[in-house]
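Just below sit the structures, each encoded as structure tokens.
Okay, so subunit A shows up in both of these, paired with subunit B first and subunit C after.
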Partner chain A sequence: MNGRILIILGLIGIFGALPIVAQSSGADLDAILASIDEFGTFQDNDFTADYTIVSEKPGEERSIFEARIFRRDSEDKFLLIIAEPALRRGEGYLQVGDTGWSYDPESREFAIFQLRDTFQDSDAQNSDFAGTRLQDNYAVASFEEGRLGSFEVYILTLEATNDTVAYPSTKIWVRQDNYLILKQEDYSLSDRLMRTVLIPTYARAGAYFVPTKTLIIDNLNQGERTEVTVRNISFAAIPDTVFNRSYLERVNR
Partner chain B sequence: MKYLALAVRNLNRQKKRSVLLGGAIALGILVITLVNGFTAGAVTNVKDNFAYLLAGHVYISEETKRDDDTEVSLFTHPELLDAAIAEVGLDPRAVIRRSTFMGTFLFHGKNASQQVQGVQWDREDALRQRLILTAGSVDEAMADPRGIILSQQAADLLGVAIGEEITVRLSTVTGQQNVGTFVVRATMADPGILGNLSAYAALDRVNELVNIPAGTYQTVSITLDSMTQVEPVTTALYEALGRLAQVKPRDETPQGLQVNTEMSFIFQEEPEDPWTGSRFTVANINEFTAQLESLSTLVNSVGLSILMVLILITLVGVANTFRMIMYERVKEIGTMRALGMQRPAIRRIFLYEATSLAILGYLAGVLLAGVVGLLIGFFQIPSDNAFSLFAAAGRLTFPYQVPSLVGNLILITGLTALAALVPANKAAKLQPADALRA
Partner chain C sequence: MKKFFVIFVVILTSLSLLPAQDSGFPTEDELFGTGPDSSTDDPFADPFGDDLFGSDSMIEDLGDPDDPDSAASGGGTGGQDAFTALLVSEAVEIGGRVSGSMSSLWGWTEYPGSWTEFTEDGYDRMGFDLSADLYVDARPASNFRFFSKVRTGYPFATNTSVRELYSDVTFQDSLFLRFGKQTVSWGVARFFSPADIISLTPIDVENPEEEREGPVALKVNLPVGLHSFDAYLIGDETVTTFRDLGLASRAEFFFDPVEWGLGVGWQQDRPLSLVTTLRMPWRDWSFFGEGRVNFGRAEQKLTSSGGLVDDDATYFSGTGGFFYTNTDAKFNAWVQYYYQGEGYDDSVSYNSIFGQVLNGQLPGSVLTAFGKHHTILSLGLTELFHEDLSASALWQAAWSDMSGLVSTGLSWNVFDGLGLSGTVYLGYGDRDSEFGSLSAVRNQVGRLGFSLTADIGSGRF
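The block that comes next holds the complex of A and B.
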């Protein structure tokens, strides 16, 4: 009896896995995810860049944030300091490993900060500015080949392997020639499309690719969108003292 | 008694002067009574507003630390809490179980942030009675598993009507993004700024959206009959739970205006001792309003300082006036002394006159404070104004504070008598013959 069940389960497993294996012929799914993480995570160098985040909402004025981001992905360190608007200047977000703090220069108080939180009521999340960790958090649920504009792409549907990532499932359009993500759709736990991310341009710096323009469209609230532009990219070493709470306090004086 | 009658007659002889001096005293008392009343009213109202939002006075939650170090707020051992509640002897009807999330409602391009309270409608009689509905009914909300009651302000902001479906964006207990829908079944009158933030829906629907099992809950609130029970009940529950399970030390509970673990207004990050497994947290309304009590004490101290300055200015006037009164009445004093009145009696007439003035001024001040407080109370503070946090149903209240009233009476009477003491002594020391010659 047990043997028969095992055989049936085995057959179900084989036939269940067949579509993905068949569809992925010629494409190593793990290699694609690994490449995306490799491009988006700067393991050998520190990273500094200026970000402009323009957020548009129906019936509201455009909000524009200028921020400088410091990253040391090899040590899971991330720091974002707001430069504009003047009213928010000096606000900062520091993430070291699993612990994150936000700093308010007005009250001089730190609060708990999480990468999965939304950045300043925009459509961007703090994690959009940090390194990519698709392999750690997602598994490929389905795969197909397709076309996006003039590019041949792989379309991967990813399901979260843990319940702490912001989006339980996500769909990515990856260029077949260099594995760069061109488009991403993020879905809620109830499987509603929440946002679409379009990345039309990347800047190449050595082995790294940095998205220099990202458009995030809110699919729940019509007309709401956020555009992220990256400038002044640098891979120069950042002093250790930068990734520190006291730096956040000091930088505002 | 006859000296008191003489003192009152003297006050009546110089009406204008008495009114001016008494008026100055009344003004000082008016200010301090209003300040005391405002701070006492504000503290009570803030506590009431918080008790309404948090559905009680004592709050218990259970956090579980998972293997990935994520903390999840959910009752996984409700039987332990039930045992502790039974041991303390609390009325089960006073225990409210809820789940909550902070979400953004979306409707035709408009959005509004609300804290959605998942309630067990059949066990929330007090809530059902307190809700003042502007449209729809609680029964309709109860009958619809996706039904929600929104504040009128939130409904206006979204432009949504009864029966329409709205979308909500939220995070689950582990931080995943989720989207769901509700159907607006009723709208409620704005119950103040904190109430404005809240919407009410069925517990199971909220659980489904925050991704916790049906029938479970995240917070337990206990409503008590009086504020004096808050600390004893909190301590008893803390100790009872401590005998059954791991409980977060009470001094670790962060101070400040923190609504709950999901929604924190100000949180000064404090280092915490490492812990594993599940643990309960017991808190009460006083911990949320501790800073407000300090602020109230500070405002009262400022009020008292203002009163002291006003009194000092008034007392200089009282001292000068009584010196003048003494010179005006030299012949009268001489006559009374010649007729056999003793020195202490003369002094007593002066002191009675001063204390009568102080008491009359005090009474006028207290009465005026009551009238002014009542008039201010007529102004309705808009519920979206932050100041409405200090109001009861949008109106400021100025309850009389008996200890402060008694203290102020003793202070003003004593100081006025002290100011009149020097002229009174001088009058008492006058020689009858010299006084009659003057």
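The block that comes next holds the complex of A and C.
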């Protein structure tokens, strides 16, 4: 009898502790992830912005790309067109749902494109430019409170719930007062730190937040790093004709 | 003892004051220090300095996106003109591509069975390849564009041609017209594309991404969401009446993640063709397939007795395959099977077809896919031990006559502008087969070959 009680108490202890961990210090982890997704996913407006991607590798010239990005998150549509360097102007890719196309100006063909690939050999992933989908792709594995600079933060370790994301595990530092991500560490399946992402500045438009500067450090290759700067942000409506392959073909050289 | 403890503390303190080794990651001081270092432009120096984190200056307020007067609703170049600005250019753009290489090939038409045969029965060829594309791209308005591309190659007198020359006109940003000589790509397959009934040249299997020559045509394109409808009027210098024009039309539908195309094409002296295409990505894989029904044959058919006859039979051709890529492993693979309904079985020999092509009775295209059953396997490692070293393998097989060609190569990008590559070729099949024949179009090497190529100064401008 005593043994059964002990087992029951043990089970209650194990399963009862889980929500306690999740809700420790009053932090609602689901709400944090939901807020991050809402900040970075623009459901009620189209989005246009110019991105500058500066990539550095030891012993190589600094690579600079400028790209214009169009997003319609409500329909899961995304278009990136390269503006600089001039040699690559007009190249880009269109993503709709889980399908992406890039247009090859040499063969004049549309190739299937992977959103989780890296952008132009930089440390940035193509998915870094799309909407945030933490709730769909990750579950919170652990949680703690901490401090980053002068900000109180929640530190969440997230485990991927599917294999469509670039990294199976990621750790995020989230401001406690507004749930903005300040720092992110991405890990491989073997729990090796792959890259560190720092986001020191944001732009706010109503309930939306856009990282205006992102610093990405390659933790595998010493000295490799990428800076992404965003400007000319607009939430004005974009015509439907922009989000089709004809437009991608027309802007191409 | 006390003295030892003091020395120990001093050493520890000294060690902690040593500058951190540069790991590519900001140090604690840089991250959480006293503010950005104004003496450096390095954005990584202090991204989380107290100046930023001490206040909400890290957030720039753009206003309400639904307020027409706010910056968020369309200020700067990110506003309403952002999408049309990409279609307009004040300057006429001139650009192109140049390709230069020296290559040397050592080959054997028969497998060398001894050292003597290896050293004495081989042949060698040296070649210089020099070619360039030059294009002009003018975009005076968002609804008008002119584009022309000229290609030249050594020897220039016989290798210069206009590859593309067309104008684009847009009607109310919804109907798109293109008139002129243009590249047309209907297929979705990699190496063989039976659905591509408009291109004037077949895919170069060893360089499948190479642009193919297209006809002079009027193309009308109507995108409807992510679906697309195209219609073509196709002509060439022989067209003198309306009846000589070729007609083609295609509808492409997108049902995430499946792309499905349906098309039809007809031109006088060419068979009526119905085609369909299918493509679907799934994770690291992309599957593709094409089908074509031809009512008749464009050229005459060679019979087993050696005669040429007109042929109005109905033929089905189809292909299917997949592409796999693993970006972490830097690996990719293409696999494709092609069934060619018009292909010949073993009752007709390759050499007899070759003779008819030499006589001008049959077009050279019949030699690029002679049999009925074909497969191609292509493997690539874009990074092998070092980011500048890559490896590839290509196996082409014709199963109707059991012949084929295997090639494996290594490429080294010595520096930008200079690349070296080496390839080993192994051909098989009897002397009257698609790859084994001494006159095989798809095997220019023989039974065994080694090539070394230096790419010099190739690139785009």
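General observations
Here, the second predicted complex is superposed on the first by the 230 of 253 C-alpha atoms of A that agree within 3 Å, B and C clash if a C-alpha of one lies under 4 Å from a C-alpha of the other, contacts with A are read in each partner's own complex, and residues count from 1 in each chain.
The definition used in the following text is that a contact is a pair of C-beta atoms (placed from the backbone, for glycine too) under 8 Å apart; a residue touches a chain by one contact, two chains touch by 3 or more.
Bear in mind the structure is a predicted one, so any value in this text is a computation, not a measurement.
For the composite obtained by superposing both complexes on subunit A, the positions of subunit B and subunit C are in clash. Of the two partner chains placed by the overlay, only subunit C lies in contact with A:206; subunit B stays clear of it.
Contacts of A:190 after superposition on the shared chain: subunit B is touched, whereas subunit C is not. Put subunit B and subunit C next to each other and count what each touches on subunit A; the higher total goes to C. Residue contacts after overlaying the shared chain place A:225 against subunit C, while subunit B stays out of touching range. Using the contact criterion defined above for the overlaid structures, shared-chain residue A:168 touches subunit B, although it does not reach subunit C. By the touch criterion stated above, A:112 is placed in contact with subunit B and with subunit C alike. When the shared chain is aligned, subunit B and subunit C each come close enough to touch A:98. In the superposition on chain A, A:59 contacts subunit B only, with no contact to subunit C. Residue overlap on subunit A between its contacts with subunit B in one complex and with subunit C in the other: 98, 107, 109, 112, 114, 116, 163-164, 221-223.
Here subunit B touches subunit A in the complex through residues 68-70, 106, 109-111, 167, 169, 171-172, 174-180, 211, 264, 266-269, going by the rule given at the top. In the complex of the two chains, the subunit C residues touching subunit A come out as 22-26, 31-32, 43-44, 47-50, 52-54, 58-66, 70-80, 82-83, 86-87, 93, 95, 135, 137, 145, 168, 170, 173-174, 176, 183-185, 208-212, 221, 223, 225-226, 228, 254, 256-257, 259, 279, 281, 283-284, 286, 323, 325, 327, 460-461.
Every residue of subunit A that touches subunit C in the complex is listed here, in rising order: 42, 44-45, 48-50, 68, 70, 81, 83, 87, 90, 96-100, 104, 106-109, 112, 114, 116-118, 148-151, 163-164, 180, 182-183, 196, 198, 200-206, 208-209, 212-213, 215, 217-219, 221-225, 227, 231-236, 238-247, 250-251, 253.
Subunit A meets subunit B in the complex at residues 58-59, 98, 101, 107, 109-112, 114, 116, 160, 162-168, 186, 188-190, 192, 194, 220-223.
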